[in-house]
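So, here come the structures, one by one.
The following pair of complexes shares a single chain, chain A, combined with chain B in the former and chain C in the latter.
So, the complex of A and B:
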């Protein structure tokens, strides 16, 4: 099973995730474990001519290593972040890869949002941290929706479609057990405590999402989820103008894309029905999502 | 392709090579170019050669992404030049753009696919305080609040502490000379200001003369910088020399002007390494004259050669040999040595080292995705 660790510690492993090929090198055991648990179903290669991102995760050298070992994320020799405690190596890979995509890929309008799909049409769930976006996304993809991403909505400027980047779903604190109970069959990586986001764990993307990673979808709904304890599920129409501003604000490269960014967001807003969604029970949420009507 | 550490330089001097690269070579090229801020330049060259459409999709994705970044930056730079002109409209003296901002404003060849970190301009030293006040009034604020940093810039450097716009975040460097007051060479700012040329479309925005643009670029790379973007700066120089060099008059006056401004040494290095690394065409008589004016004694020349040849390669794992770290360290020390006398330099470097140590406490910054 653990054939990845030799490869990762040596010449590295090439993993295809969505449109990107990631070349990962790391001798850290928890990274190899995370990759083995969560990436075994992705196309992977021992050798490849081209990779989009060359990533190293290594322990930081120096005396501190003996007392408080740390991990450093390197994007092909460039160090974008301060080191983190060694225990957080795998989450750091996931966060760092998000950073690589959001900062270097501009053939897509990229929005900080979860995206899920059913029957060829997709919902975009942009939301600030703490709104329960990842939790809701994890629940939906365990009940028949296909995972595109829990973090990065990618709207292709060429094909005008949403493109999947199905990677492990990052869950925090109470959400971890909530989803473990809600979907006992879901596979989880190791829980890592005391990160800046509290305790985090990654849930493996459902097999079907991984296998169908090349299938894009049309955007149909933009839904701003908000978890509120004890609330009844309410799906309310949301002004398009306001949603347009919110999407722009949650986009990583809207301003960089200039006119193309504006046209892309306008198109998303035109094509999609926009909603606010308040909920407290996941089952209520699933029902409402399954009953969504296609935009006219 | 001959040697992977020469891949980037080869593709820049002979862009038609881009049409024949294997996927593996593209992998190396994209990584090296990204490291030295030349990826958008490669995108531009691939476009010019006409082979862009035939490239593999994954290559195109990275090239066009990089191109978008450079394109956006050029727009921002043009916008900020107008803002600077507005902010300084009461200024009687000229505002002279330097480096990247000058290339963009005057539409010079190095502007195509160039990455910026800030906007540089020069004003007469006597107007510096007034310029600073106008800039503050229009939303730019000093970035270095530390008392020592303030003194470092104001007393010793050739520029004010960088100013950042509070709303838009753009950074401007306001110079009164092209080298620090404490530096070993003293190109006379008044002589530079005597030959400036107005940029079409602006009232009070200027660039240096063509020759002085080249000499400033040369000085920046070979007398002032730490060469972290060495190859990118050499590519700027190469593009300038090829462009201005179409006129014989440029070559006729280049060396003499360098002598007048005390910039013979940087000019000599520039011509040498441009032709060595990027095959820049330089007339023999100019090469010889620059040698006579600026070639250092043999021992130094040899040491510099060993160092520059390494430091002018991309700072990337695919380009380093065993001596690269030493070469970069030597050039780092050299850049500081040239910048100020030892009695100022040693306390300064000590202070820098201590300060760095202080902030290096185990900060667990969230590696959340950075918003641009």
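So, the complex of A and C:
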């Protein structure tokens, strides 16, 4: 396994993730550890002419360094967030990179949703926090589905296809051990506690998902998952008009894209069967997903 | 009772229309807002996009389009739809 700490602490490391090249510089050890554990299989370069995002993660200078050390995220020299405790440096990289994509890339309609693929067709799983979206996504990608993203569905306005951005899956609290037990072969980064989401840990994207990061897919299903303790698995059709409204609400750049955004969302609704999905057991959920039929 | 006022799509409003099953979603290009409408409200707006109409004509047109009786409850539905569409700034009537 590569050790990226020297590069990250020097001129930085260029990492290709999906369609984006990220130039990351940081001398923070936990960032280097996270990159080494979770990004060693991505194409990476010491030098490159172009990067979509130039990201620095640095410790905050001054007396803070000694008392309560903090990490600061900067993107192209701009500081979009308040500093976080130093222990949260790697999660901050992941969250910050999501922010960079969601707020700066507008050749895609970007929706807050997980996306998984099998046999060339993809399911979009938009859902609010706490719905079990990432847990379900992590389970599915450890049972034969390909990871596109656990956070950002990217629908290309030019090709009208879903484009992968297979990065580590962000799991929280009880979901961490749940998935560690469900998929013992999965690789996890360090657990970080006391974040504003509770304890978080990132699961490495499966190798095949990383290797096939340039393969887009057709959208076929929009499924709103909801974890409910003790519930039997229920997959129910949901109205397309309401799903259209929900996708617009869950999109980061729909308003900015204006008419193009509406046409893109409408096209997704046209192409997909739309469902609500309630579940409590991951194996039940996998079976339902594996039995999904293609839209007519 | 219908009051003879004529209704039309508000000046400057541009509409892109999508329908799924019995419901419609409308994108309004001036504001960038989207709205979801039931079958009657969607039909009212669709008819007003085509041409200005008074309420009585609207009720009769919708009765024909949706194949439902032009009775009191349909008149009430149309009135409510016009209030909603007007409140959203999508339609306006003669002063």
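A few remarks follow.
Keep this in mind: the second predicted complex is superposed on the first by the 294 of 296 C-alpha atoms of A that agree within 3 Å, B and C clash if a C-alpha of one lies under 4 Å from a C-alpha of the other, contacts with A are read in each partner's own complex, and residues count from 1 in each chain.
Note that contacts are C-beta pairs under 8 Å (C-beta built on N, C-alpha and C of every residue); 3 or more make two chains touch, one makes a residue touch a chain.
Keep in mind that what you see is a predicted model, and the values were worked out from it rather than measured.
After superposition onto chain A, the partners chain B and chain C occupy separate space and fit alongside each other. With chain A used for the fit, chain A forms the apex of an angle whose arms reach the C-alpha centres of chain B and chain C; rounded to a multiple of 10, it measures 70°. When the two complexes are overlaid on their common chain A, residue A:262 makes contact with chain C while staying clear of chain B. When both complexes are overlaid on chain A, the residue A:76 reaches chain B alone and has no touch with chain C.
Applying the stated contact rule after C-alpha superposition, one finds that A:242 touches chain C and leaves chain B untouched. Of the two partner chains placed by the overlay, neither chain B nor chain C lies in contact with A:10. By the document's definition of touching, neither partner reaches A:144: not chain B, not chain C. Looking at the superposition, the partner that touches the larger set of chain A residues, chain B or chain C, turns out to be B. Shortest separation of chain B and chain C in the overlay equals 7 Å (C-alpha atoms, whole Å). Comparing the two complexes, residues 255, 258 of chain A contact chain B in one case and chain C in the other. Interface of chain C with chain A (complex): residues 16, 18, 20-21, 23-25, 27, 29, 32, 34, 36.
Of all the residues in chain B, the ones that touch chain A in their complex are 22-24, 26-27, 31, 34-35, 56, 58-59, 61-62, 64-65, 68-69, 71-72, 75, 315-317, 362-372.
Note for the complex: chain A touches chain B at residues 19, 21, 49-52, 54, 64, 68, 70, 73, 76-78, 80-85, 92, 95-96, 98-99, 102-107, 112, 151, 196-197, 252-253, 255-258.
Of all the residues in chain A, the ones that touch chain C in their complex are 239-242, 244-245, 248, 255, 258-259, 262-263, 266, 269.
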